[in-house]
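These are the structures, in structure tokens.
Look at the two complexes coming up: chain A is in both, with chain B in one and chain C in the other.
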Partner chain A sequence: MNELNKIHKIIFDAIDVLNEGLDIEKRISKSNDTVLYGTNSRLDSFGLVNLIITVEEKIQDETGVALNLADEKALSRKSSPFLTVGTLSAYIEELLKNT
Partner chain B sequence: MHADFLTDAFEKYSGSPALVWNGRSYDYKTLLEIFNKRSSEIKSVYNLRGKVTALKSDFSPESVCLMLALIENECITVPLNRNSKENENKISDIAMCEWLIETDENDNVSYKDLENTASHILYDSLKEKNHPGLVLFSSGTSGIPKAAVHDFTNLLEKFKTQRTAFYTLNFLLFDHWGGLNTMFHTLSNGGLLVFTNDRTPENVCSLIEKHKIELLPASPTFLNLLLLSEAYKKSDLSSLKIISYGTEPMLPGTLKRLNNIFPGVKFRQTYGLIEIGVMRSSSLSNDSLWVKLGGEGYTTRVVDNILQVKSSSSILGYLNYPSPFTEDGWFITEDYVETDGEYFRILGRKTDLMNIGGEKVYPAEIEDVLKELENVAEAIVYSEPNSITGNIICAEVTMIKDADKNEFKSKIRKHCRERLENFKVPSRIIISDKIDYTERFKKKKPVNNRS
Partner chain C sequence: MEAESKVILITGTSKGIGKYLSEYYLEKNCFVYGCSRKPSEIESKNYRHFCLDVCDEKEVMKLFLNIRNESKKLDILINNAGIASMNHFLLTPLNTMTDIMNTNVIGAFLFTREAAKLMRKNSFGRIINFSSVAVQLDLAGEAVYASSKAALNSFTKITAKEFAEFNITVNAIALTPMRTDLIKNVPEEKINKLIGKLTVKRLMEFKDISNLTDFLIREESGFITGQIINFGGI
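Our next item is the complex of A and B:
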């Protein structure tokens, strides 16, 4: 499994955890194009924050690396890393490469 | 009599639009008609003069007029948010509500006699003066919400001075003073209030474009989300003149980015607490977190780096907690501040009160809920800084009997979601073998902490 596939799996596992607590119509799907926080997003602020924290915890469990995905650096990027599963995966891949 | 200054404004601006609710516009004349109808009903049909009355609603034409009618009839209003999961009976019991007025999502109004008699020294002091009251709730140190009692006439005094009103999106909540403050300011000065239940950045931006909104009162968390969602790229937000923010500290980086994205907009920091209302404030500059606080009716002083406020619109006291004032009448905010001449910078809280996306909550409230759950031996709750919501809630829990940790975490999340409002559900759950009781305080660094 390559790095990006691993990251996808981590995000999908985190989506499963998040979906557990959401009403059926608010659940989010598991695909590269799934909107996390952007146009037609179904997540509220706490949904987004909880998803990010679960992803961070799972990355640490699997790779031993403690990432901070939503620091000021992430927030001040011109293009938000949290728009879709795809943009978040790319951002995590970039951070892991630099560790 | 108590609402005269508002009804006078309603007459003065009679033909102008006052509210937009559910996509429909209501003018001041219509509001005045609804107010007159509700006021005479409250007085003559239900005889509610002076009664402690819960108003369970969200912002709507009826709820606005009902609140004014309750003020006019010297009632003690307890606003409850219709969409809140908070235990309504508990709140109603603490406030000893005698009547409940409810509006549904179609703005139909119903009255219910709760067959209760309220008795409290603070209520008596309002009744003796024939003044209307307002009861607002905030999280309490012991886990039981604090019921703060205001003399409504003191809170309303500042709205009698005419000021500029704007087309305003009322983003804040019905059971918070921030939301009510925006409402009274706008309506007493002939502005337009646009209400919405959908507080996503996307919807807020489309409403700004549609209604040419000039003033957006928001929280730093919302502004972070606005940046992350990039929703501002998809709507024309050129009507915006002022974005005000308060309720939680703002990250300097967020403010800088906002200034770049909205070059013509004035950013105004506000400072408000349930106990003292909202102080007028002016920021040193658009990208500065230094702020001058005060305005008529407020004086400030700093004792041991903690801000204290004396205000003519302070609460009378709490129904169920000791008085928060010093002997000489100053309210101790528990906020650490830095000072530079007349300017303050708010640094964070002295107590373990957590500020989560602008909502304030004490750990004890969540610890109590965690301890209700089977197989929870001990639970400790604290906050951890987070760039989006300022802080997140962390819960560390030990088990009585060993069990699968992930399954147990799921159970905890489920239980918390059922028992607590969204923002109070812990984001990080740690299952430990042993709890270190200094944890909460170790994680909190009072000064410089963003909470």
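Our next item is the complex of A and C:
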């Protein structure tokens, strides 16, 4: 499994954890294009916070690396890395390469 | 549920209030994580010490990774690490402002953020910040110190709102003077003048603090959050 696939699996596992606590109509799908942030997202701000923190925890479990995903780089980008599962995966891959 | 068997993280444990609280909760069979710039003299199989600067994000995150790996959870955070400076505003160097804000505000910010992430998993957490009556009293000579504690008060009230959904409470205890290193350079006359402004006119004692931390960390205290509790009747 390559690095990006591993990251996808981490995010999908985190989505499973999040979905467990959500009503069926509010659950989010597990695909690269799933929108996580912005007006087209089914997640509210609390849901997004929970997802990001769960992803951080799973990265720690899988790699032993403590990442802070909401760092200055993430928040200063014109296009948020939290927009979709795909952009989040790419951002995590970039952060892990620099650790 | 009382403090027994809880996992507690206390910042600034090499001396003073932090050292006292570490030993106090170790006696109550808690597992205590502590940190300070200097090594600790506390010796217990239930104590882990980390030498770090509380505003060093990487080191703080490493500490939390250790807690997560070893204890899997964190029940209580006491943001105790703090520094003070008493000086006329016009004679205050920029470094004083930066150092105080780094330790008193940024340190508390980093520890609170990482602690709440860990506490959220268990849907239980107690965060206690140490503020000062200097905020309420607007003490001359303490503009920088009191400002840092005022920031901590706002921080306490707002994080209480944001963490309520996780069943994490955040409260602050506004301390009065006691015989610690923090006030060792303050003239006796100044201390007496400050005590004169309190309703209960005496120095604070260690047991005053542990009495209130005991109360705030109880499971039954989950309805008390976002409060700044002033000692001495202010």
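Everything that follows uses one rule, which is that the second predicted complex is superposed on the first by the 98 of 99 C-alpha atoms of A that agree within 3 Å, B and C clash if a C-alpha of one lies under 4 Å from a C-alpha of the other, contacts with A are read in each partner's own complex, and residues count from 1 in each chain.
Please note the rule applied: contacts are C-beta pairs under 8 Å (C-beta built on N, C-alpha and C of every residue); 3 or more make two chains touch, one makes a residue touch a chain.
All of these numbers come straight from a predicted model, not from anything done at the bench.
K.L.:
After aligning the two structures on chain A, examine chain B and chain C and state clash or fit.
P.N.:
clash
K.L.:
Check the residue A:E20 against both partner chains and state whether it touches chain B (first), chain C (second), both, or neither.
P.N.:
After superposing on A, A:E20 lies in contact with chain B but is clear of chain C.
K.L.:
Tell me which partner A:N40 touches in the superposition: chain B (first), chain C (second), both or neither.
P.N.:
It touches chain B, and chain C stays clear.
K.L.:
Going by the contact rule set out at the top, does A:A74 touch chain B (first), chain C (second), both, or neither?
P.N.:
first
K.L.:
Looking at A:I53 after the superposition, I want to know if it touches chain B, chain C, both of them or none. Which is it: first, second, both, neither?
P.N.:
Touch partners of A:I53: chain B and chain C.
K.L.:
Which partner reaches more residues of chain A, chain B or chain C?
P.N.:
B
K.L.:
Return first, second, both or neither, reflecting whether A:F82 touches chain B, chain C, both chains, or no partner chain.
P.N.:
So A:F82 only meets chain B here.
K.L.:
Quick one: is A:N2 in contact with chain B, with chain C, with both, or with neither? Answer first, second, both or neither.
P.N.:
neither
K.L.:
Applying the document's definition of touch, where does A:A66 land relative to chain B and chain C: first, second, both, or neither?
P.N.:
second
K.L.:
Once the two structures are fitted together, what part of chain A is touched by chain B and by chain C alike?
P.N.:
Correct list for chain A: 46, 50, 53, 57.
K.L.:
Residue numbers of chain C touching chain A in their complex, please.
P.N.:
57, 61-62, 64-65, 68, 117, 120-121, 165
K.L.:
For the complex, give me every residue of chain A touching chain C.
P.N.:
It comes out as residues 46, 50, 53, 56-57, 60, 64, 66, 68.
K.L.:
Help me check something: in the complex, which residues belonging to chain B touch chain A?
P.N.:
200, 202, 221-222, 224-225, 227-231, 234, 251, 253-254, 257, 357, 386-389, 392, 410, 413-414, 417, 422-423, 425, 427-428
K.L.:
Inside the complex, what are the residues of chain A that reach chain B?
P.N.:
17, 20-21, 37-41, 44-46, 48-50, 52-53, 57, 70-72, 74-76, 79-80, 82-83
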